[in-house]
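Both of the next two complexes hold subunit A, though its partner changes from subunit B to subunit C.
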Partner chain A sequence: MLTRLLSGDFPRSRFLALALLIVFLGLAVAPFALSGARPLNVAATICVFIVLVASYDLLLGYTGIVSFAHTMFYGIGAYGVGLSLYSLGPSWGAILLGLTIALVVSLALALVIGLFSLRVRAIFYAMITLAVASAFAILASQLSDFTGGEDGRTFRLPEMLTPGYTLFEGEIFGTSINGRLLTYYLVFVSAVALFLFLLRVVNSPFGRVLQAIRENDFRAEALGYRTVVYRTIANCLAALLATCAGALMALWLRYTGPQTTLSFTIMMDILLMVVIGGMGTLYGAVVGAALFILAQNYLQELTGQASHALAGVPLLANLFHPDRWLLWLGVLFVLSVYFFPTGIVGKLRKPNP
Partner chain B sequence: MQMTGNSSALAQVANREPPVLSSEGLTIRFGGHVAVNNVTADFYPGTLTAIVGPNGAGKTTYFNLLSGQLPATSGSVRLYGEDITLLSAPERTRRGIGRAFQLTNLFPNLSVLENVRLAVQSRAGLGLNLFSLWSDHREIIEKAEHFLHRVALAERRHEIAAALSHGDKRKLEVAILLALEPDIFMFDEPTAGMSVDEVPVVLELIHHIKAQGDKTILLVEHKMDVVRSLADRIIVLHNGYLVADGDPAEAMASPIVQEAYLGVGVAEHV
Partner chain C sequence: MSTTVQTIPAAEAPLPKLPADYKPLLLVPALALLALPLIGDFPAWVTLTVAGLAMGMMIFLMASGLTLVFGLMDVLNFGHGAFVAVGAFTATFVLLPMQNWLQVDSVVMNLAALGLAILLAMVVTGCLGWIFERVIIMPVYGQHLKQILITMGGLIVAEQLIHVVWGPDQIPLPLPASFRGAIILGEAAVEKYRLIAVAVGLAVFIAMSLVLNRTKIGLLIRAGVENGEMVEALGYRIRRLFVGVFVAGSALAGLGGVMWGLYKEVLTAAMGSEIMVPVFIVIIIGGLGSVGGCFIGALLVALMANYTGFLVPKVALASNILLMVAILLWRPQGLYPVAKR
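Let's turn to the complex of A and B:
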């Protein structure tokens, strides 16, 4: 049962299994274990980014495709659901319609970009995706009547997902079962399902061909695999999953705008998460996303406390000033790449059979 | 250009069956350099054709043109009479042209078994299956293990391909070709750089394929004793031109070959 669920792809390392279990259980019980809006926000963001980063790893780590258009597809998902709810009003039908339109648009774009440019050299492909993604971001902020421009759009969710809604009277473990909590579990369950789907894909005969293409595309062709077809399918799959991640994020934030979905900063973050976690292993996405988002949210406080503790020491106190948290994130990144060039999971895991 | 007295043995073969694979005026130009120049040849089932010639003669390039790794500048390639000049390499592989490379060309970070399994999987047409588990296809794995067994690499199956010795890499290259189960086998110096005790395994395999009687085999080989023991026919390439085509004894006796190739070949072999 577990074997089928994980597609036979076990962590193959006790530490990794433990780390994954902690992340999974932590996210599963987050609404009950943590109080306050912020921790739950962090947990939901981790859920969404696990899908986003894992789908990017399908491209970068498994197939060897460098794309900068991943946040564009993420944005299409977020805008699809967001604008649909904004203009049609809060209903499940609007969510479904928005998601469907977003998926179709993403698929069409990924297909066109893929067919036109996956034949060319990797560096050109990266450039083309960068150009298309930039054009899309500009378009989204220019069409401000429709998209809300730089301000984005705030919208309401169907009643069941609003904080005011309670499933039943009373509480479980001191937490009332309200619409916010239901939204969290919608995000969590969707993320788990999408992740398991990806895990299946990379362990399918198709997924094995992707690895072969990454290793030696010339040889893969000589074996009879039409690499353009495989690359294009991988490209489309990754785009569709990023679209789903964007839709989930929009639902969670009840807002969609260029800063939360289309910005190039997010693309950089995704890249960092893939590299920190480990390319070419989906579990790396889990570890990378969890660590990175925790650091992004709590490193500032941590350095603040360190600065406080070191109040007397002149230079150190300054070095740990809360405003320097980005510096420490950078240091952590450099260290992790230096000590784990294959990523944390790549280091922990025994090689593939 | 063609050798005089084109072998009678060959003519008989030619009368018996139509060629499986043929090239007509096949030419490729790299800038000013014509690496393969107007080469016309037919290849018949059940026949092993050795392709010889000095270094840089264009043997590997000719192979690349036949199996689709390089596009021809002019001329055509036919498979079972059908023009396949414009087909891509994967398409040609799917139609039965199998290729082993001179410069070992593997998936370096994948296991030995996976290297062969990918070939079996391709042959089985399973590549676009997204939702089953690769490990559930036992028959594919078993078949891959069978081919590894045939090149005496079964015990190494879980090693990473990059970790193999040169000789074992060459054997793996052959196992991958076997796993494609092609109609046309193209070997490009399969035993080059192998130690003396490894060579017989590969030669035995080629013998075996030949003994099946219906396969078309093309073999580029520098070792003259190997050519002598295996070839039904020899094609000599020199500076991109086909300078001789005939049965082994005649081809080797030809003055062009003596001058163009055997001088080099003998020196290298001794």
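Let's turn to the complex of A and C:
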């Protein structure tokens, strides 16, 4: 059962298994174990980013493609659901329609970009996706009549998912089962399902071919695999999954705007999560996303204390300023590309038998 | 050199030259002329064209180093934008204390302060480039994936360090007094600073072309771009050459950063990574590794951005993507493809 569920790809390390179990159980019981809006928000963000980062790992870690357009697909998903709910009113049909349109748009864009530029070398693809993604971000903020511009759009969810809705009277473990909780579990269950689907993909023969392309594309081509086709399919798959992640994020936030979905900062965050967690293994995405988002939310307080202690020293105090947490993660990123390119998970995991 | 050539009779006849490729050169005037009837207003067209040329020159300053570094060593530095930002911020060390020199309406004093700022910015970014090459790029030669990742990491760290040194707020950077305002040519208003940007860009382009085409170092660089192994086999250390080009390219990015910062009159730490998108489009259009292509590409991109910004403002940046697609359909390797790639 577990073998089927994990597609035979076990953590192969006690520490890693423990870490994954902690993340999974932590996310599963988050609404009951933690009180307050912020911890729940962190937990939901982790769920969404695990899917987003894992789908990026399919490109970067498994196929060896560097794309900077991943946030674009994420944004398409968020905008698809968001705008559809905004203009059609809160209903399940609107969500479904928005998601379908977003998936179709993502697929078409991924196909066009892929066929146009995946034939050439990795660097070329990285630059072209960067250009296309930034053009898309500017377009989204320019077409303000349609997308709400820089302010984005706030929308209402179907009644079942609103905080005012309660499934039944009474409480379970001291928590009432309201719509907010249902939304969280919708996000959580979808994230788990999408993650297991990705695990299935990378452990299939198709995933093997992707890894072969990463290791030596010339040889893969010589063995009879059309590398362009495989790369394009991987690109489309990753785009579709990122779109789903974006849709989940929009549902959770009840808001869609360029800053939360399309900005270049998010792209950098994804890159940091993949590399620090570990490229070429989906568990890396789980560890990376969980660590990064926890750091984003709680490391600031830690460095804030360090900054307070160093208040007398001019430059050092700035170095430990709470807003400079990204600096330390950036340094960690550079070091991990050099010294442990397989990331935390690669270090923990025993070599593939 | 000349004596040895003359002793061999067969070598007296000059080598047949490759026919010069003028077609891409015609694209710039063609684009400008095409825009004239669309805009329909001659003074507005002149203003837009000068603005486009000025922007193109600044983009060229930032892109030229990047494309040469790529051509020579097959390294694409995604952190190049950091040099742009650092250059602009370094200039504030000179420009802000010397405010009174800048506010005087005297061209000489203004230029002196500005020259000092540019010099400092170029020295600092040059040194930074040297460190960047040593620490960040040297360990990952030949591994494209790691290069992209590591230079991106370098960019993040550099942007954060700018915040550490110069604080988190954006810094206003007013133009020197004598460069403000516009010159009226007929009915068209042309901003003075844009003319200066055009002059600086042209000067750098001419100097660069002279160095590349008339000196021995330039010969080695061009040979290295064409076939690095052969240059090494002839006994030249291409690594040293490369470090030199990298430092020069970083210093040029610093110069471009100062010009760009004064143009925008406000500095943000993200200005470097923002300008990288047009820079990448430019070097793709020009053909990776080609300085001439980079120059034409920069002018095309900037003119296109200005014209579409005037005609249909909402799709200004998307227009550059269309331009890139159109040019790559015509010449898939860029305007002036470098032979080995």
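Of note:
Methods note: the second predicted complex is superposed on the first by the 315 of 353 C-alpha atoms of A that agree within 3 Å, B and C clash if a C-alpha of one lies under 4 Å from a C-alpha of the other, contacts with A are read in each partner's own complex, and residues count from 1 in each chain.
One rule holds in what follows: a contact is a pair of C-beta atoms (placed from the backbone, for glycine too) under 8 Å apart; a residue touches a chain by one contact, two chains touch by 3 or more.
These numbers come from a predicted model, not from an experiment.
In the superposition on chain A, A:R219 contacts subunit B only, with no contact to subunit C.
After overlaying the two complexes on the shared chain, residue contacts for A:R200 are found with subunit B alone; subunit C is out of touch.
When subunit B and subunit C are set side by side, the one touching more residues of subunit A is C.
In the superposed model, A:S7 makes contact with subunit B only, not with subunit C. In the superposition on chain A, A:L143 makes contact with subunit C only, while subunit B stays out of contact range. Of the two partner chains placed by the overlay, only subunit B lies in contact with A:Y230; subunit C stays clear of it. Of the two partner chains, neither subunit B nor subunit C is touched by A:Q259. Subunit C meets subunit A in the complex at residues 76, 78, 136, 139-140, 144-150, 152-154, 156-157, 160-161, 163-165, 167-168, 273, 276-277, 280-281, 283-284, 313-318, 320-321, 324-325. On subunit A, the positions that touch subunit C within their shared complex are 60, 64, 66, 116, 121-124, 126-128, 130-132, 134-135, 138-139, 142-143, 264, 268, 271-272, 275, 315, 318-319, 321, 323-324, 326-327, 329-331, 333-334, 337-338, 341. Contact residues of subunit A toward subunit B in the complex are 7-8, 200-201, 203-209, 211-212, 215-216, 218-227, 229-230, 233, 351-353. Subunit B makes touch with subunit A in their complex at residues 67, 69, 88-91, 93-94, 99, 101, 105-111, 114, 117-119, 121-123, 126-135, 137, 140, 158, 160, 176, 180.
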